[in-house]
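Could you have a look at this structure, given as structure tokens, before my questions?
To keep things simple, chains are lettered A, B, C and D as they appear, and every chain counts its residues starting from 1.
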Amino acid sequence: MIHRFEPTIYHPTLGSHDPALRIVDGDTVITTTVDAGGRDRFGNQVTQGGNAQTGPFYVEGAEPGDTVAVYFDRLWPNRTTGYTGTLVAPNVLHPYYVRATARALSEPPGLAEWQLDLDNGTATLVKPETKLGRFVLPLAPMLGCFGVAPPGGQAISTATSSTHGGNMDYKGFVTGTTVYFPVFVPGALLHVGDGHAVQGDGEIVGTGIETSFDVQFTVRLLKGKKSGWPRGENDRYIFTVGNARPLDEALQHATTEMVGWLQDDYGLDPVGAQILLGQCVEYEVGNVFDPAYTMVCKVAKKLLRSIA
Amino acid sequence: MIHRFEPTIYHPTLGSHDPALRIVDGDTVITTTVDAGGRDRFGNQVTQGGNAQTGPFYVEGAEPGDTVAVYFDRLWPNRTTGYTGTLVAPNVLHPYYVRATARALSEPPGLAEWQLDLDNGTATLVKPETKLGRFVLPLAPMLGCFGVAPPGGQAISTATSSTHGGNMDYKGFVTGTTVYFPVFVPGALLHVGDGHAVQGDGEIVGTGIETSFDVQFTVRLLKGKKSGWPRGENDRYIFTVGNARPLDEALQHATTEMVGWLQDDYGLDPVGAQILLGQCVEYEVGNVFDPAYTMVCKVAKKLLRSIA
Amino acid sequence: MIHRFEPTIYHPTLGSHDPALRIVDGDTVITTTVDAGGRDRFGNQVTQGGNAQTGPFYVEGAEPGDTVAVYFDRLWPNRTTGYTGTLVAPNVLHPYYVRATARALSEPPGLAEWQLDLDNGTATLVKPETKLGRFVLPLAPMLGCFGVAPPGGQAISTATSSTHGGNMDYKGFVTGTTVYFPVFVPGALLHVGDGHAVQGDGEIVGTGIETSFDVQFTVRLLKGKKSGWPRGENDRYIFTVGNARPLDEALQHATTEMVGWLQDDYGLDPVGAQILLGQCVEYEVGNVFDPAYTMVCKVAKKLLRSIA
Amino acid sequence: MIHRFEPTIYHPTLGSHDPALRIVDGDTVITTTVDAGGRDRFGNQVTQGGNAQTGPFYVEGAEPGDTVAVYFDRLWPNRTTGYTGTLVAPNVLHPYYVRATARALSEPPGLAEWQLDLDNGTATLVKPETKLGRFVLPLAPMLGCFGVAPPGGQAISTATSSTHGGNMDYKGFVTGTTVYFPVFVPGALLHVGDGHAVQGDGEIVGTGIETSFDVQFTVRLLKGKKSGWPRGENDRYIFTVGNARPLDEALQHATTEMVGWLQDDYGLDPVGAQILLGQCVEYEVGNVFDPAYTMVCKVAKKLLRSIA
């Protein structure tokens, strides 16, 4: 079944909020998200800033210990303007450089504005004036912040992330990707938000090209399937996601989850899984801006096909 | 001029050792390196283990404040056997998982052995017996540990890395890549070693496929060119390398070096450079095994061509 | 006014829960807390484990931007048994040591039991049998987890900590100490729990001597007084508390808060405050076990008296 | 035997330099150290800045696998002037605060000057003018940087620290303290330098009160005694020292070393040692300024007497 859901309430946390819509295994939802600042497709401020979430969507039958799969059928901006930060976040630069260069920038710049061409799939820098000129990038639309309700009665800010997902800001969360979340509460309570038309690794200026999105996703419920951290797959890779500080610990979580997954689902023994990872693992940096950083641990599917 | 240099002495540190050979700007050196365990192409133990280095090569005219460029003409194994670790290093896994699984592995496995087919460009896992079977990977030969003499009279172990390079274990250091090092001592004193036939991101089992190598490189001296950390480029990218713990700090060093480089050599202003990085930067993990971790900060050359 | 409050509901998060009691500036509350496992003074399991909180207490008139002060009149165990962990947490030991020693400990030990002599003020190790024998320590009762409701609609697990306080596990939170919290929500919503009869720095076995407590505290409301992180004072020190990972970042938060406090309330200029800290600051480690670590930054009051 | 040694050569690294003096077990050395900037008791610049070291002292019979003990008979400034940094290092403050406040401090302050009263044991701030006025602190003289030659042919900068000691900047290294170092090279090669008349925890302005020192120490050689990291003791405590980044890892090294020491020399079993540490360990922060941070793990001797 396909649901068209127009949000009217948005949430500043991922938590056990009242369900916005109840869906079942196999259902598809077509909905929208506001930009990180709380503005919708018309540029209207409809909620507060800070990655306000659409949802939550209650998946019938989902219970703690299950895994819920979210396939992104379509993620695409639904307006023609976006904005980004203009300075690399000070936690991403060397502290002495921050001190030295802060003195030089007498006037801290504000946000940059980008024009989005949704037909031709480009983003063009409109202001400020820099040596980049009218810099053009191909659109690569992704969701920065989404996930399920966390365990233990928590409501966790959309600024950060953990085992439940949240503000991971990984540029691999694009159309055609499936993301798996552990279920911590009945119904899983899926939230979506924070679309980026483009984003570099690390989200190091604190933003992607922030804009409102059309979001279409399809849910599957994997009863009795256990997982510990967000997982995902696309045509070429399976991947796991760790969220923590420092980045080392995010990498530990992602790698540990992958070592387990390779044994559980891909027929590998402990030593085989680790030899494989040793020579074949790939990492991608999600964000190094948010309170929890995000590291993605990837294994190419073609490697796994040779085993099974 | 092309020098053929057969090493007889190897060094366990990068330091101000007596020059093995004096070369000039534009010279090419054809030499060999032992494997990480100190064995040469014949499998003979010719020096101690621990990434023993060939060199150092004294670049005539190089002085502190210059930059030396090393182009890798050819990096290729020169024997048909290699070995790898079999367990993911405990600093790369979550501490509780390490404690829990260490109890289960009653007999810690030793090294894995790989057969290298140098003509067809493959590595095949020979032992131990795992579910991977005779797992085959394409060769992707790279140098794990190389660099120049560090400043201040230091001699720094080949186990670790810093501004002078060293044990960075980045799989991007392959044939066709140019690496730039700050010069800290007269002659720069270039060292090379630690060839890996294959390596995953992070070198998370503590090794790539370790083997002895043929190494051919060409040196250029960039007089008066300042740099702070290793830099590099290949056909598609320019990149910078940060070496430190935690990984966050390695990323800070690499990013800071790139912000400067974009301004110095690619005509960008401070804000333009940072907007560009914000939406376009790519990171790769060098190693997360050594005492200093390595993060690589990359910018695609095609982006820069649109500016200049 | 003195309130005697007997809790019947406990909370697994610090959040905007329904107030358990409404109090005003100057009021004193006498109440109890369960142990970390959810057991009360009679050893009865009255709620779930995980530092369940008594409260929240609504402070009339408290609004975001204010600071609330909590003076601990009396913190003392109210039963004669307590328990501790028996192994140093694996995140507190070197990863290679964890892997090596986990193999040796074939049977992971359970909890240790301690007898509390509340009249003579001692804790005696009862089991397991170790070379420590019946090891006796003086009681030093403190609260491990307490604080106010966090901002933005969050409900944050009692496992962790942030600007709102929470599971800081700092052994300095004893009778006679005043703790200051930023107010994030109307009424501040003070929670208390997780008494430790004794605790080492870092809470490195994951527990203090966990037991149920009698808690008496007096609240003051500092209208218009801004603060960013928990602060405190006792007879000899003022101190600030940073909660984050890694420990470096916890230290950054605590130090930054102190630099500001010295200027705001102790008449120091920026450079004077920093010279003072440079030669006089003292740090104490709260916990290095929880998801967020805790560092305490202290300045002796006698130093400040010489200035004002 | 008592040696009076007047240095003429100083070293910018701890390494396998030519011995300055050969001594035997039980010998005492009376010598001097320059300040961190390379100036001697007369204020003369006699060597380069950067914690230049006096020595090394060759301990006859010391071999890898032994431990060398250094008892500080007397550490005291030998001139009446000292200097400190005036700003908290940017790696010790929150990155956003660094960026924000750097803009405000248009003129970065230089060094502060202190007058040392060696008879009455005080340090008085002379300049700059701040609200601190002529701020007076009691002298607490300590050595910031000292240790033995590191292993593997390394020469490690006096800016940093590791298993061999080095720039640990721990304010507990005072007169009356014994420090134990692992021996990595024949003769151990003891270096001393970097006296601080006073220092706060963490050396957070990048300096203590830097001045030249009289140093008297007595050496003992513990043949066959193994150790992994610097250890120490004073009247009240035994302690271990970990040097690394982040601070978490320094703490891991120190704690792991202590867990072993308690078992090796204090008759504790693994679980007993860990229960003891859990409720009794104390930590002190050495430095959080240098490339490697320093954490000290302490156990009160009175606790150990009750066991043995």
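One rule holds in what follows: contacts are C-beta pairs under 8 Å (C-beta built on N, C-alpha and C of every residue); 3 or more make two chains touch, one makes a residue touch a chain.
Fair warning: this is a prediction, and the values are worked out from it, not measured in the lab.
Novice: Taking contacts as defined above, which has more of them, C-D or A-D?
Specialist: Answer to which pair has more contacts is C-D.
Novice: By mean C-alpha coordinates, which chain is most distant from chain A?
Specialist: Chain D.
Novice: For chain A and chain D, what's the span in angstrom between their mean Cα positions?
Specialist: 46
Novice: Roughly how far is chain C from chain D, going centre to centre by Cα mean, in whole Å?
Specialist: Comparing mean C-alpha positions, chain D is 32 Å from chain C.
Novice: Among the residues of chain D, which are close enough to touch at least two other chains?
Specialist: 91, 93, 95, 105, 245-246, 249
Novice: Write out the stretch or stretches of chain D touching chain A in their complex.
Specialist: 89-91, 93, 95-96, 98-100, 102-103, 105-106, 108, 246
Novice: Help me check something: in the complex, which residues belonging to chain A touch chain C?
Specialist: 11-13, 15, 50, 152-157, 159, 244-246, 249
Novice: In the complex of these two chains, what residues of chain A are touching chain B?
Specialist: 84-88, 91-95, 97, 101, 104-105, 109, 112, 123, 125, 128, 130-133, 135-137, 198-205, 207-209, 245-249, 251-253, 255-256, 259, 267-272, 274-285, 288, 293, 306-307
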